[in-house]
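Next come two complexes, and both contain subunit A; in the first it sits with subunit B, in the second with subunit C.
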Partner chain A sequence: MASIAEPVAVAHPRRRSRPEFGVVLAIAWILALVVLSILAPYIGIQSPDEGDLLETLALPSADHWLGTDSLGRDTFARAIYGAQVSLTVALGSVGIGLTFGGTLGLVGGYFGRWPDRLIMGTMTVLLCFPGIILAIALVSSLGPSVGNVTFAIGVIFIPAFARIARANTLSLRSREFVLAAQSLGAKLPRILIREILPNLMPALLSYAVVMLGVAVLAEAALGFLGLSVRPPKPSWGGMIAAERGNLAEAPHVVFIPAAVMFLTVLAINWLGEATRRLFDIRAQSL
Partner chain B sequence: MTEPLLQVRDLSIRFDTPRGLVHAVNNVSFNLMPGRTLAIVGESGSGKSVLSRAILRLLPDATARRSGQILFDGKDLASLGEAELRKVRGKDIAMIFQDPMSSLNPVLTIERQIGEVLELHLGLAAAARRQRTIELLTSVGIASAEQRLKEYPHQLSGGLRQRVMIAMALACRPRILIADEPTTALDVTIQMQILVLLKRQQRETGMSMIFISHDLAAVGGIADEVAVMYGGRFVEQAPTERFFKTRLMPYSEALLKARPNPFAPRGARLEAIAGRPPDLTALPPGCSFAARCTHQQPDCLRSVPPMTALSDRRYACFHPLVSVA
Partner chain C sequence: MIGAPAARRIRTQILTLVAIVFAATALTFAVTEILPGDAAVAILGDTATEADIKSLRAELGLERPLVVRYADWLANALTGDLGRSYRTREYIATMIGQRLPVTIELIIITQIIALGLAVPAGIIAAYRNRSGVDHALGAVSIGLLSTPAFVIGIGLIYTLSVALGWFPASGYVRPSDSILGNLHSMFLPALTLALAEFPVYMRLLRADMIATLQQDFILVARAKGLGVRDILVGHALRPSSLSLVTVIGINLGRLVGGAVIIETLFAIPGIGQMLVNAVYQHDHFAIQGVILVIATGFVLINLAVDMAYVLLDPRVRHGVDS
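Let's look at the complex of A and B:
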């Protein structure tokens, strides 16, 4: 029998600060994509536009890490330049959704009555359009460009952000700290921006991260339909669309850009999940 | 004789609700003298908090209807514009709330929250704000104030949070502090500390206080005068000492008797007040306490007893408990 003096090993509580492996991978993937796409013109990546017609539909090799497409263009280079488009559109459209949707929801939720009815009514109308069809309509009337694609996807995102902001504002505005701020003489903008907005951020930001992934997919869908950047500029959706005729003889030309996109969206969703958990823990300790 | 700092005249507050018009506060009048403390006691739903919020016009304009006057230093707060009102809020009249957990913003540091008031009303620069914030925290008895600056409300205990709230309210040296059940959410020893703190601050700054509570022990310790509220009306008002000696209005008497007695024999019944508080959407034509009153007489049901003055106390009852000759 063990004597009572014998030290008993105490199980060490798991250190919370160590991030999960999956999250690290996700961050690494996205960082690599961001760094590569920013530095693409300066680090000797091959031209995404110039093809070597002697080497079409090549398999991955030392010269062409991810192979080449039907015009002999380097798939790796095109994927990186495509990432420029994808990431710009994703950040831009989520930015639009977050800014406009967040503001509208905050205003509607705080003031209630007719501003709320007006704003939420408009949002409901906007929600009635199937998202991708609205985006197609917007881009085809405005013309395909990074700016217009960003705008179109951003507009689709506005209602969801507005609803989240409104729902949270509704519960926050009747909290005592808002009353306390009023009783201390705070002006209206101050109450909205300093008291309520910071409390909305956890919900809005974790949703924003998830929406980044949706934006990447939406941009690819538009690209597939030829409504993203104009060829020969590369976009992931456009690369898949252009090569889909060669699926039988050279599937890698389609699957490699698709895989890049898949991994990116997966990484973003992983991050979104992690952000949500992060804010959840804090919410519990409040 | 000095002028009252705050005069409330015939104040009534009604709320439009789907269930009907709620008569939350009915024809309440009182004076608050400089440097004095008025305690307002009453059970839940008697209109104490609505009254306290109405003074600073914190009730939603959309649903609350107000009549009567609130004279602060001669100005009628009820007729001030939004901008002028904001100058009074926090600077001349400040307020602390019941639950220090929810009255501090969970995502702002202590420094930011207190600094905000200082910036708003006194226009202090960052360095001066910080200095003053540390002073304020120290003055409300928070040790190592400098470390606390960077902390968030959830890192503080209930007592500390209420101290922070008090520091915020006192930041601009208000002339009136409205304390809406400041100790209700705290445990007994902390309650004591907060009361002592409030009294000390009052001695140092000479401010007046409106202390809202249902804790009669706390009231006895802090107030100069006690007002009992029932069904949205003031039913009795008296200097604290005299109030604890004799009550004229049966409700006040019942309220005092309803306190659990720690020395009562085991198994003794608690002297609860039978019945329920009146429905504020449909107040009876007579005394609102009549239905629960043990001294009820026919005339109690017919009309609302008027506020009757008797030397330095007032009561609203046709049949006061101590015969008034």
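Let's look at the complex of A and C:
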């Protein structure tokens, strides 16, 4: 009965001396994944494409740290090369969403009137499509490749970033420091880039961290439908889809790549929560 | 009881929404246009000669400019004629008519399961704010948010159907064959989608509920000596459910997106599966028809959400801006 109508204690300012254990773990996992996937060709990781047909669906062992798949290919190597695809797509698509969405929202929010109505109207239409469906249509028309998957997911991220940038710009454009800059005769680009943009960054960046996780999940969904990189090139979603038929005999060939993906997205979400707390962004900015 | 400001709002909104459906279908028409290997090639296969393709293109009317074809399609669509599949020559409207109820059923069962889990969980998490239960529910929801729906689905297939044998791993039973069999075959896909939605709903309700519980009228209710259950369910739940109602509406798009993957995973013949197949087979009219249905549905749901606001919150009804 404690919490009804009793004011919840105001959160104490977080002590900054020691970073949280979970955050350290999350950063460590992501760094390890990034380093391994960049260095993969140079540090003697097994080939992700060559299988040993005498050793299919093997359990994890000293030779194959995460076991082998139904063609005898090393799951560890494929997971690392899959990480290359996932991380590239995630960074690229969030970059696209942040750049284009942020710019559109900034312009719409600052100018108001018809530019705003045109931009936000277009964004609403884009939001009308279930994102994954737009991505499926784009990738199947452009052909499955890392670049096209990045582009497709980036496009579906644009409206959300635009909305956040617009909402924050609206509240910033009549603030004193902007009015001061205007009355001092600052040129438009200066006002937008030097005055308003820096104040948008906390909201946009903490949302960007969250969207990195969403991008990994979206790439996996496309991979599952066979619309990410072409086989035999590994992607996490593709690995899971390909081994789905072996679920009964060898569940580890499905669940190990799934676990790698889960831990990665979990680590990203964890960092997202931490950034959000750092900047104290409330959900209303959406 | 709807006041004038609310009525005007709804009127402007209907106009906007018609514009959205119009724009969405035009955009799809343009996007499907850039799909490679046009319909004629897709129908005839790789072995077709140049001349065959040319004559079929003429027969299908593909030689005409894009705008003319869109206008043509739109005029027909307004009379309920969505054209025929390039592939099977079936009427698109018939195909959608057969498949839409399956997806709607899936989405309704999903929402029932998701809300059935999320509402009690959200209330408990808000009431026992910062307790062990709250943290445990928070951890579960972060875990679910970090897992793609198809992995949740495969996990459920592995535990509930491969290991325990309680549910079929895939396949669909028509309700006309067996109502129970139908529900049985729909349960796993619906549970999969519901678990993916659960964290979103729970976190929203929890946040709003915590805010509501600190308001004066809750204090009054407590002073009157009402029981905890009465206060939570009778007094706090309704004013805390505004964000939840909005998100249920917005989520419809997400759910249809999720249904595309989950219908493929569980071999459920809904419009999601129809859309994926249509994309694979370059069946333009089928894609176009499904998008029309989804966009219209999305728009209608948003309208309904706006009207639900009026019922839930008297401030909106009387045009008071918060």
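Heads up, the rule we're going with is that the second predicted complex is superposed on the first by the 265 of 286 C-alpha atoms of A that agree within 3 Å, B and C clash if a C-alpha of one lies under 4 Å from a C-alpha of the other, contacts with A are read in each partner's own complex, and residues count from 1 in each chain.
Here, a contact is a pair of C-beta atoms (placed from the backbone, for glycine too) under 8 Å apart; a residue touches a chain by one contact, two chains touch by 3 or more.
These numbers were taken from a predicted model, which means no experiment stands behind them.
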Next on the checklist: For A:70, using the defined touch cut-off, is the partner it touches subunit B, subunit C, both, or neither? Pick first, second, both or neither.
Outcome noted: neither
Next on the checklist: I'd like to know which partner A:132 touches here: subunit B for first, subunit C for second, both or neither.
Outcome noted: second
Next on the checklist: Output check: A:247 vs subunit B and subunit C. Expected answer is one of first, second, both, neither. What do you get?
Outcome noted: second
Next on the checklist: With both complexes overlaid on chain A, does A:180 touch subunit B (first), subunit C (second), both or neither?
Outcome noted: first
Checklist entry - Who contacts more of subunit A, subunit B or subunit C? => result C
Next on the checklist: If we overlay the two complexes on their shared chain A, which of subunit B and subunit C does A:113 touch? Say first, second, both or neither.
Outcome noted: first
Checklist outcome for this item: Footprint intersection on subunit A (subunit B / subunit C) at none
Checklist entry - Any idea which subunit C residues touch subunit A in the complex? => result 19-20, 23-24, 27-28, 31-32, 34-36, 126-129, 142-143, 145-151, 154-155, 157-158, 162, 207, 210, 213-215, 218-219, 222, 228, 231-232, 253-254, 256-258, 260-261, 264, 275-276, 279-280, 287, 291, 294-295, 298-299
Item to check | Interface residues, subunit B side, partner subunit A - complex | outcome: 53, 56, 58, 62, 86-91, 94-99, 102-108, 116-117, 120-121, 154, 165, 168-169
Checklist entry - Hey, which residues of subunit A end up touching subunit C in the complex? => result 1, 3-8, 121, 124-125, 127-134, 136-138, 140-143, 213, 217, 220-221, 224-225, 237, 240, 244, 247-248, 251, 254-255, 258, 261-262, 265-266, 268-270, 273, 283
Next on the checklist: Quick check on the complex: what are the subunit A residues that touch subunit B?
Outcome noted: 112-113, 175-177, 179-187, 190, 194-195, 198-199, 201, 285-286
